[in-house]
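Heads up, the next two complexes both have chain A, just with different partners, chain B and then chain C.
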Partner chain A sequence: MLQERELGRTAVVGIKTSPATAVRKHSLWLRIWKNRTLYLLIAPVFFGAGLFQYYPALTALYRSFYAWDGRRAHFVGLDNFEFFLTDPRLLISWVNVSKLLIFHLIVVMTLPVLVAYLIYRLRDEGQRYRYRVLFVLPIVVPGFVNIVLWKWFYSLNGVINFLLRGVGLESWTRVWLGDPDTALYALMFMGFPWVGGITMLIYLAGFLTIPMEVLDAAIVDGATGLKRFWLVEMPFLRGQLKLQVILTFIGTIQGFQAPLIMTRGGPGYATMVPGLRMYDAAMVDFKLGYASSIGVILFIVIFTLTLINQRFIRGGQEYDEA
Partner chain B sequence: MKKISRRQLLKGAGVAGTSALLAACVAPTPQIIKETVPVEKVVEKTVKETVVVEKVATQVVERVVTPTVAPKPELKGKISIQWWGDVKEFEEAKGKKVGMPAYREAYLLIKEWMAAHPGVQVQFEPKPQDTKGLFQTQMVAGTLPDLISWSVGVAPDVIAPNIDLFYDWAKELKEKNPYGYMPTWEEEFPLGTKITNLWAPWVGESRRLFLGNTQTGGFGYTAHIYNADMLKKADAQVPPKTWSELIAMCEKLLKAGFTPMFMQTMQFQWEVRVLCDQFLELTFNQILSAWNAQAFTQEIWAWAIKNGIVKATDPRLLEALRLMKDMVKFWIRDWTAPENVNYFLLKRVALQHDGFWNIEGIRDAPQRDFEVGTFYMPPVDKAVSEYATGVAIRRLGTAEAGSSLAAYVAPMDIVKRGTYPLVKDLLQYVSARKQNEKWCAAQTPPCLPPGKKLEDTLKDPKELAVHYGFFNPEMTAARMARDIHWSGIMDVLSRLFVDYSVGKLGLEEYGKQMQDEWVRITDKRITDNPTWKVKEWPKP
Partner chain C sequence: MRNSKTFSIVAHTTLITLAVLEIYPILIMAFISGKNYYQVVTNPLMPSLPFHLENFAKAWRLGIRWYMLNSITVTLAILCGSMFLSCIAAYVFARHDFPGKGFLFSLLLGLLVIPGITTLVPRYVLVRDLQLLNSLWAVILPGVLGANAFNIFVLRTFFASLPEELFEAARLDGAGHWTIFTRVTMPLSWAIVSALAVLQIIGAWNDYIWPVMVLNRDSIQTIAIGLVYLTGSPAAPEIGVQMAGSVIASIPMIVLFFLAMRTFIEGLATGAIKI
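Showing the complex of A and B:
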């Protein structure tokens, strides 16, 4: 691994220090020509990514300075950004998304880790397989269906109120998504027990790559139970944790599926999030320029948070090197 | 007599049979009808077929006749129609009445047209839940189907800014409809030019974009359907004729242990709009006079807000919101109820407000085991508000208000695609007076001839008093609701209402926050719409 990285570095240095640009260009084209079949094979992927991912994103950046309804556009400068940033209820939507983010971060770094660890510590390979399948199987249910189901759970005649009535807590029943005091928490509670199949698998894979020599040495040194978990095994999971943190940042800040389907950002502004504002601007009001400006702001926020995350949270490999 | 051979007999029979077949295949031979009737003069008229459609008074000596629909083999091709819901529901009904009558009957008319045009293939495309989003996307992409079944109510928001993309039928409407019996296609519509006037502010003075079946009498959104058993147990009287009586009814229901109403809070604007329509009648008239218009557009709203003619801090508007807050104690308040849950049918509430188009569905629901009735939202009276004006409630909405419920709009692209002749023929067929009467007869309640009262049409007193208790007279431009109807500013109103209703916001603060937001939204709309000639706006 280390050798490969060093070879890579050498190659990069080699290109940077090549004597003449013309030669470099020539060699690049020559290399492409030599491997033209391979380049042709991967060309559709690049073309698709450019057309369907980068082109729309760049268009959004450009259009964020326009009042654009899909047909006509006229330049409005920073007006779209100003309209979004001077929204008196903007703060509420950022507070809501921050609460959701904190909750999701806590959840993603605890429960799936715990489940993955329990499965990892199972001695019987068959049992390990069965539990892994058990937790991964629910991912076949589409996310949309899950949201609709939970919406029904929370309704006046839904499962939650049914259970409460069943245990004599009639006075506790309510329309959970219709009450501004409970709606956001209801969104958080959705998906209980919050063990995502893929997330758990990623953590499990992390645990499974811990070298036996390290564990043996730790046991010899007297690391057992919690000590072994915190001081020996968890550090190896930093790469996975870092990935999950980044994905949670992106998913939560961009995400608006649950508020869209379950609450439309209400009651009032109780579950409004910036992503939903963007969706409404684009799909309800058809103000595509304004929606683009919200998208650009979301991109800046996510990008900044990702950079911070990259800067301050070290991955497992880096830890290893340190 | 000369004997004929078997061969001759067969030959003769063959010739006779072929002649008969050929005679049957050619167009019906016009027949001359000569008839004497006991009136002032006798009229002879040449017609193609003797189907009597209408006989106008005894003094008018004229039999108006119409040809039956003949197949048009020259019409060939394929057209697509974007349709409410899935037509499979109607296909699989096997004679049973399923779905909303407005769309079911419109579908049956299209099927009739299809049967008469074997060379034409019609493809129905179901609308998704987000109909507006799909429409806008297809409009911008130029992929709209040949016909879109939709409500006229979408015109201000979506179609008005893109009017050049839609086919204008004004010229064709001045010509004869071959399926009709009036001199022009336009006259085939029961309300004739009234509809044009209603649509004018949205689609341009002379344009006719929406065509379809016409309901002569609308019920509006704010019908209330009630559980008669619950009301009986609570000893509550129906229909409440004033707001005070409505409150008294709800109090009685509450006392008897029933939850009076279900309110989907996100859409409670309908009630607020009816209240505002009463309280702000004079202001609305003032605005429309200044613009010489009959209905609001976003531009008119923007003018009214910018010039301070409509303010969210207006005490009359706040009074409407206060009255709504007083009703909160009677509600099961749900922001967005799950679609598969109907609190009314589950007997969790005694009343439900609804549009008339859903009443048949509730009345015919298999799980319903209780009596139902309906009433229209009553006007506010002086006993509950000093701002009560006593004006009759205007009818809210557009599509159901005497204009087209099953309306169609076509993109301009039909000319380029070559589907124009098919689309025109289909529209002419379904909107011909005869077809419209067929459509009308199946509606709930049936359409009324213009100028006739419901009582003259529906004779069953139970049907009349209970099921259609909220009926209002025929729609005219003068009775059309001139309410607050701009989704942007109404969204703010209903969202802030939640905070007000739970006591997180006082009434004055509510008005202030709403006003700030209205002005902010209006300024943005002005920036975004350079076509609005702000400098030429009328002086307030």
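Showing the complex of A and C:
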């Protein structure tokens, strides 16, 4: 911190060329020269960040005001953003992604919490470990394999229809991803019961930080069952919940891998999401300027939601101190 | 405190039910991979005899072997390159002072705010202009150079928590940056580095959208593209062969699970990864 302030001062004062500042200026360059190995060591990371992150991000911002096919570009002002408001495929995609978001938020705050809590309450360390392994096991299946698998589950001769026929609900069978009424819900249902993986582990780590003294005190005070869960144990999970909520926001709003592989946004636009609309605008329609403008809007949406979440959902920190 | 008997029973029943529901689809995938079409239609939920192991041979010959080789190449290259660069940068930021450090670090901090979707299209144009389309470099270079911020943060926090006396002692003994990095920093950080490596491997292996944009030629596609294409094309092989391909695509992750999961689970559970 101190060092930064020094740097700033040098830069400002350096305009006047008094002997004292000349010495300081000289010493700054000297310090930089002395540390040249360190700069060389971190140079590749900054070269990469500039080339593959900052440069494309600035390009997206800049080109969102252009009609651009990837080679030729001309300035069109706010036309892309105007088109953005009237593009029927995009409008539907916002509705769809909102539904997905609400669903994912509910899921991430309930089922994995339940599993983590039940494991945390087990007395036996060995049992805890076995359940932990069992629930992390599904990450051996890569995401794209899971999507391919569920795509087949939903097909005409897939597992879902097989089960329905088995219990005599022949009339309910359908091509789940091909029916505009069910396609989006099929995307949500994929991965049922949504408890496997790292989210649950992170919650469990949160529960395991609860100090024994706090629990003992609560029990002496008569906190049992649900009361103990809500008032004593859940507050310790706030930080983890907040993190998962942010990650869910970020992941759902920009995600489009499942619709891309399973439905390509169809049937009709029943499963179109903004990310996929952007992908299509760029890779199918070659409207890269328009795609850039969608990318910029998605950035603004994600940034705003993250800020709101930071601001209004309190973290676990103050609770720890209280 | 003790759990009541009822609570115990309810807890175990719930956990086991959820675990079965979570894992059963994976088992179905494994069962189907050994079935012919007739067996799939009549009995998709349980294994049936005889096993048609030729499904695996068919999938293997349909190009899965090349896709697997490409994916392994890409994943290893990204893992080694990115972890190496991240560890060194994190070491520099955690254990040294130099002019501009705060500013440079906030430049890295800024990366966490930029979502991948915003940079996707311009990055595609950039990679095209660099003449990298249809070569594995199109996936490897952005993976190695462009996605280190998260690793650097986690590692920097950990490196900064190591006791200064160790570094002091090494410096007094005349050790240079490289010796301190390889002999002091890295041996103490094995657990956290391997936990991050697991995340990195999973990420690289699962990546679909970026590779499918930049790799169009069949012979250089990764397993994610290859498998999705194999299962989605009009000339798709029968479902048993598709699922055999899916099982093959999961094998490296299964190996990883048995090699590293203990470290990984404990790393997460003890909060070694501070997020």
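Quick note on the criterion: the second predicted complex is superposed on the first by the 271 of 322 C-alpha atoms of A that agree within 3 Å, B and C clash if a C-alpha of one lies under 4 Å from a C-alpha of the other, contacts with A are read in each partner's own complex, and residues count from 1 in each chain.
The definition used in the following text is that a contact is a pair of C-beta atoms (placed from the backbone, for glycine too) under 8 Å apart; a residue touches a chain by one contact, two chains touch by 3 or more.
Please read these numbers as outputs of a predicted model, since none were measured by experiment.
Of the two partner chains placed by superposition, only chain B is touched by A:Thr263; chain C is not. Look at A:Met283: by the touch rule set out above, it reaches both chain B and chain C.
In the overlay built on the shared chain, the residue A:Val175 is in contact with chain B alone; chain C does not reach it. Within the superposed three-chain model, A:Ile32 lies in touch with chain C and out of touch with chain B [touch as defined at top]. By the touch criterion stated above, A:Gly70 is placed in contact with chain B and with chain C alike.
More residues of chain A lie in contact with C than with the other chain of the pair chain B and chain C.
When the two complexes are overlaid on their common chain A, residue A:Lys151 makes contact with chain B and with chain C alike. In the superposition on chain A, contact is made by A:Phe46 with chain C only, not with chain B.
When the two complexes are laid over each other on chain A, chain A has residues 70, 148, 151-152, 157-158, 283 in contact with both chain B and chain C.
Within the complex formed with chain C, the residues of chain A that make contact are 1, 3-4, 7, 28, 31-32, 35, 37-39, 41-42, 44-49, 51-57, 59-60, 63, 70, 111, 114-115, 118-119, 121-123, 129, 131-153, 157-159, 162, 192-193, 195-196, 198, 201-202, 204-205, 208-209, 215-216, 219, 243, 250, 254, 256-257, 260-261, 275, 278-279, 282-283, 288, 291-292, 295-296, 298-299, 302-303. Those residues of chain B whose C-beta lies close enough to touch chain A in the complex are 130, 132-133, 136-137, 139-140, 158, 161-162, 265-266, 332-338, 340-341, 343, 346, 348, 487-488, 495-499, 502, 504, 513, 516-517, 520, 524, 527-530. Interface residues of chain A facing chain B in the complex, by the touch rule stated above, are 67, 69-71, 74, 76, 79, 83, 86-88, 148, 151-152, 155-158, 175, 177-181, 183, 262-270, 283-287, 289-290. Those residues of chain C that touch chain A in the shared complex are 1-3, 7, 11, 14-15, 18-19, 21-23, 25-26, 28-29, 40-41, 44-45, 85-86, 88-89, 91-93, 96-104, 107-108, 110-111, 113-126, 128, 141-142, 144-149, 152, 177, 202, 205-206, 208-209, 213, 224, 227-228, 231-232, 239, 242-243, 246, 249-250, 253-254, 256-257, 261, 265, 268-271, 275.
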